[in-house]
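So, here's a batch of structures to check.
Both complexes below contain chain A, partnered by chain B and then by chain C.
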Partner chain A sequence: MTSQSNKPLGYWQKMVVDWSADKETFQVSWGKLMMWIFLVGDTFIFSIFLIAYMKVRMSATAEWPSTSDVFALEMFGVYVPLLLIAIMTFILITSSGTMAMAVNYAYQGKKKVTFWLMMATAFLGLVFVGFQVFEWTKLIVDYGIRPWGNPFGAEQFGAIFFMITGFHGLHVTGGVIYIFVVALKVRRGDYDKRGFQIVEITGLYWHFVDLVWVFIFAFFYLW
Partner chain B sequence: MTHIALADEDFKDDHHPKTFYGKYVWSLDHKVIAVQYSCTALFVGLVALVLSVLMRLQLGFPDTLGFLSPGVYLQYVTMHGMIMVVYLLTALLLGGFGNYMIPLMLGTRDMVFPTLNMLSFWFYLVSVIVLLASFFVPGGPTGAGWTIYPPQAILEGTPGAGWGIYLMLISLGIFIIAFTMGGLNYITTILQARTHGMTLMRMPLTIWGIFIATILGLFAFPALLVSAIMMMLDATLGTSFFMPAIMSLGEPMDHEGGSPLLFQHLFWFFGHPEVYIVALPAFGMVSDVLSIHARKNIFGYRMMVWAIVIIGGLSFIVWAHHMYVSGMNPYFGFFFATSTLIIAVPTAIKVYNWVLTLWRGNIQLTVPMLFAIGFIFTFTHGGMSGLFLGNVIVDLPLSDTFFVVAHFHMVMGVSPILVLYASIYHWFPLISGKQLHTGMGKLHFWVTFIGAYSIFLPMHYIGIMGVPRRYYALGDASYLPQSVHTLNENITIAVIIVALAQLIFLFNVFWTLRYGPKSERNPWKATSLEWHTPNVPPGHGNWGDKLPVVHRWAYDYSVPGAKEDYIPQHLTDDEVEWDQRPEKREDSE
Partner chain C sequence: MTEHSQDQSQEHDQEHDHPSVALYLKVWILLFIISALSYMVDIIDFQGMLRWSLIIIFMILKAGLIMAVFMHFSWESKTLKVALLVPTFAIPVFMLFMIIEANYTFVNRMLHMGG
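After this line comes the complex of A and B, so read on.
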């Protein structure tokens, strides 16, 4: 021990010593760290969903439907592929912007602006869910796509699409409720003493849900 | 950003219980939650134990139990496996011991989010109730084996194909939610809430085992959740994720193009880390018990820590060794056999270090120590047969035989359970203030240990003879010699004796709680923090007014020159009574 400890520590050893020092390993609060760890776990859930999707798509025996046709939207008599989904993505990414602004104003202590920005985020989230309902209705009612079969080809298309977008939609809905509750508490003054970090933690979750959407978008609509 | 350093604050009691219900039922205290977790887990464990005795009665003495039809037998096999792996071992090791030990060993007052911790237990309880409810629904519990492979898990002919499998999947889903809530708490507490001086590399190995196992759980359970959701949709909505075009009871089913192999991959991506979720906390706890009762520091502490970390990492890239006979590209088999056998390296490091900890130690043959030494034997033997099964060529003929049953029961059934007993005997004085009766404990150990060998050693032989697992009865298969049948009877008799021996343990617990004498404060003379709380058993908030400050690692036993043969973690060098004070060490404060 003694002969070794006189030598200067290497980079790797320094990192281990630093990282494993007493007290907090990461310089963040408990709640924030827990949200990060939860999001890593949630990343696993969505990754496994998407990997399962790839595998299902590869092993399906019937032909996979042409996504650009299925997801096209008729506007003024013209079929525009991916129009609806472009609008939805735009809305969701805009909501990430308003959320980021809310976090900024929260740390400045401007409760009123924070409140309204969070309400805007929740509203945009709701609009997104509304569009999703619209899209599902179109696919189910107009095109006759069901989880157990569809007229365009492989029946797994409907099943995996409804499952993954549904699971994501539940995340968005949960996030809307979460943001709404936190926004009300911000306005009521619950965090005046404890600080407004909760807004940032809420934002972490919301940005994560947006990021997941980008992957779902790429894998379902562009592939 | 405000940041609260809890260790520097005075004790503010945020959630001191005021009523009886607040104290023992809706409790936020990690110790009460741990006991709730443990009692629930031990209860379902008893149910699973009874199921295994019934199964063995059928195998040893076919057709003597009238109600045990082939379907019921399969249901018992399934429920026994699922309960033991998930609802007993995972819950007891992490929910029970994790909850109890993490705050006490790290010197904190509670978990970082007590409410979430409480919810974790209540979700776990609901999942257990849902699981047990499946015994009472039409068709009974699922009989698809604990691996619940589709298509057969949801096909008509399988016992419990309707409600049984639904409830199983729902219960697993609820369990995963419970585990996630608990697991987030454990990780955050270990990373952020340690007291002053408690560096990661001074933590007792118990905590290291629980820490890495929890991380594994958080990353592995998502695979089970996703596959459970997909199978639920297959079973209820008629989707075809896992269902190929298939005939059921002579009728073609309305499925097409699904992939049963996908489920196996997802299941084992969860299933293999699950083995280590059970094993790693056991590794950690047995290290502490061995070190304390050998009055010697653990041999190679750093290597033990890194071995735990490496085993945890490797456990994610070995899952397909459960699927050698499922149909795979041979190169995959090569890869997975290699990664599987590499796990033997860190595992062997751990076994050598346990043995070297005992070497020239001042071994106290107490009841916990007996169980811990027993663990080294059973784990080594179970690990050895794992080397056979890890090789593709050797595995193919042994697959789905009793050799496999013997292997995993030795390595992840008997071994963690021996550690659990060691830990219960070891920490019972801390939890209840009373010490379990030694005579009964020794009887319990010897019957359990020798019994476990007389159950599982013959199973290796039976398996090599070609007896398949999960078969209701062997009938008159001409390739099986008479010795196989005789051994089956012997095994069953041994099972009954071992099961009865567990009643000794139960009696011991209740008798001690009622009539046992009060134990000493620190009966095993241990160094780690949990034995040095102001009150034993620790009170609410654990530490009174001030949190302890840690000055050394947890393994200062038989330090040369010290008066006592152990130095508690919270003593500085100046506070220790020395016969001959050593020169100042570089790594001490």
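After this line comes the complex of A and C, so read on.
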């Protein structure tokens, strides 16, 4: 017979203890917990947008425009479908990677590496926004896509496209500013005494932006 | 921390038990590969159920990897995991409602508004 106290708590036992005991339920810092809760809220906003898109596309009687063709790029005289979006996806994944590295080095206390990795992340985020500006310009000026109609098919396409990618682009822009500020503060030594968890919290936000893009890429561009 | 002492130290060590750079690099490469694969779905131009299921599979794989490793979700406490995941079940419920609504709208547009 093993003694009760040495046995680790089972999955549900631990849960019950965490929720019912007279103590903090989650053993994480407030900053991190609040970021997670904010991200759950943000998840709902993006889900509502994507569900709205689903509803509008399912109920449209006109043909839905082909995203492969709308977002194609001509490279060296060859017509490559969806190339622009593929490049944007790779840029965002790369920036997520550099951010993850930054978090790792922050916990090791390597401020200089952390700073430059965060700057790289912010730079890649800016490149992503730049691509988005290019994409919007092409769609508005060259293709004549408007929120109320477009020459390719279902009128709702423009409204959904500008709403979803616009809101995501706003998140990326906000993230770039956020990362930039935190990176500068890391370099200045603001967190030397308080610890570097802020880098992880910033990272959570940034990975979430990447996470949302995964869903937008799948449902809006590929579907 | 060694594997053996993990049980005892789980409570207070969880926050410092972060994944290694090697793991990040592996996940990073994996994400690149999966992204390339999901892009291939469009290039090869799969259609119908095959296309949709492949898109969903690659999407879930990518989202899962980002969340589990990059966002350190796997290293969080069980209680936090449950608190964050349970509310998201509202999403499929809302989706179901909107599928019903969308079909209703579509049928009525076809019947009464001539498409």
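Here is the rule we go by: the second predicted complex is superposed on the first by the 206 of 223 C-alpha atoms of A that agree within 3 Å, B and C clash if a C-alpha of one lies under 4 Å from a C-alpha of the other, contacts with A are read in each partner's own complex, and residues count from 1 in each chain.
Keep in mind that, in the parts below, a contact is a pair of C-beta atoms (placed from the backbone, for glycine too) under 8 Å apart; a residue touches a chain by one contact, two chains touch by 3 or more.
Everything quoted here is computed from the prediction, not taken from an experiment.
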Subject >> Partner chain in contact with A:T202 - chain B first, chain C second, else both or neither >> reply: neither
Original post:
Of the two partner chains, chain B (first) and chain C (second), which one does A:S95 touch, if any: first, second, both, or neither?
Top reply: neither
**OP:** Mind working out whether A:L211 is in touch with chain B, chain C, both or neither, as first, second, both or neither?
**Re:** second
Original post:
Regarding the shared-chain residue A:R194, is it in contact with chain B (first), chain C (second), both, or neither?
Top reply: first
Original post:
Is A:S20 in contact with chain B, with chain C, with both, or with neither (first, second, both, neither)?
Top reply: first
**OP:** Identify the partner contact of A:M34: answer first if only chain B is touched, second if only chain C is, both if each is, neither if none is.
**Re:** first
**OP:** For A:P147, select first, second, both or neither according to whether it touches chain B, chain C, the two together, or no partner.
**Re:** first
Subject >> Partner chain(s) touched by A:F44 [first = chain B, second = chain C, both, neither] >> reply: both
Original post:
Between chain B (first) and chain C (second), which does A:I160 come into contact with in this model arrangement: first, second, both, or neither?
Top reply: first
Original post:
Which residues would you name on chain A as touching chain B in one complex and chain C in the other?
Top reply: 19, 25-28, 33, 40, 44, 48, 52, 55-56, 59-61
**OP:** Would you tell me which residues of chain A are touching chain C in their complex?
**Re:** 8, 11, 14-15, 18-19, 25-28, 33, 36, 40, 43-44, 47-48, 51-52, 54-56, 58-61, 68, 81-82, 86, 89-90, 93-94, 96-97, 99-101, 103-104, 107, 200, 203-204, 207-208, 210-211, 214-215, 217-219, 222-223
**OP:** Would you mind writing out the residues of chain A in touch with chain B in their complex?
**Re:** 1-2, 5, 16, 19-30, 33-34, 37-38, 40-42, 44-45, 48-49, 52, 55-56, 59-62, 147-148, 154-156, 159-160, 163, 167, 194-195, 197
Original post:
In the complex formed with chain A, which residues of chain C make contact?
Top reply: 7, 10-11, 14-16, 18-21, 24-25, 27-28, 31-32, 35, 38-39, 41-43, 45, 51-52, 55-56, 58-59, 62-63, 66-67, 69-72, 76-80, 82-84, 87-88, 90-91, 94-95, 98-99, 101-103, 105-106, 109-110, 113, 115
**OP:** Would you pull the chain B residues touching chain A in the complex into a rising list?
**Re:** 1-5, 7, 112-113, 180, 184-185, 187-188, 191-202, 218-219, 221-223, 225-227, 229-230, 233, 237-241, 245, 254, 256-259, 262, 265-266, 269, 550, 585-587
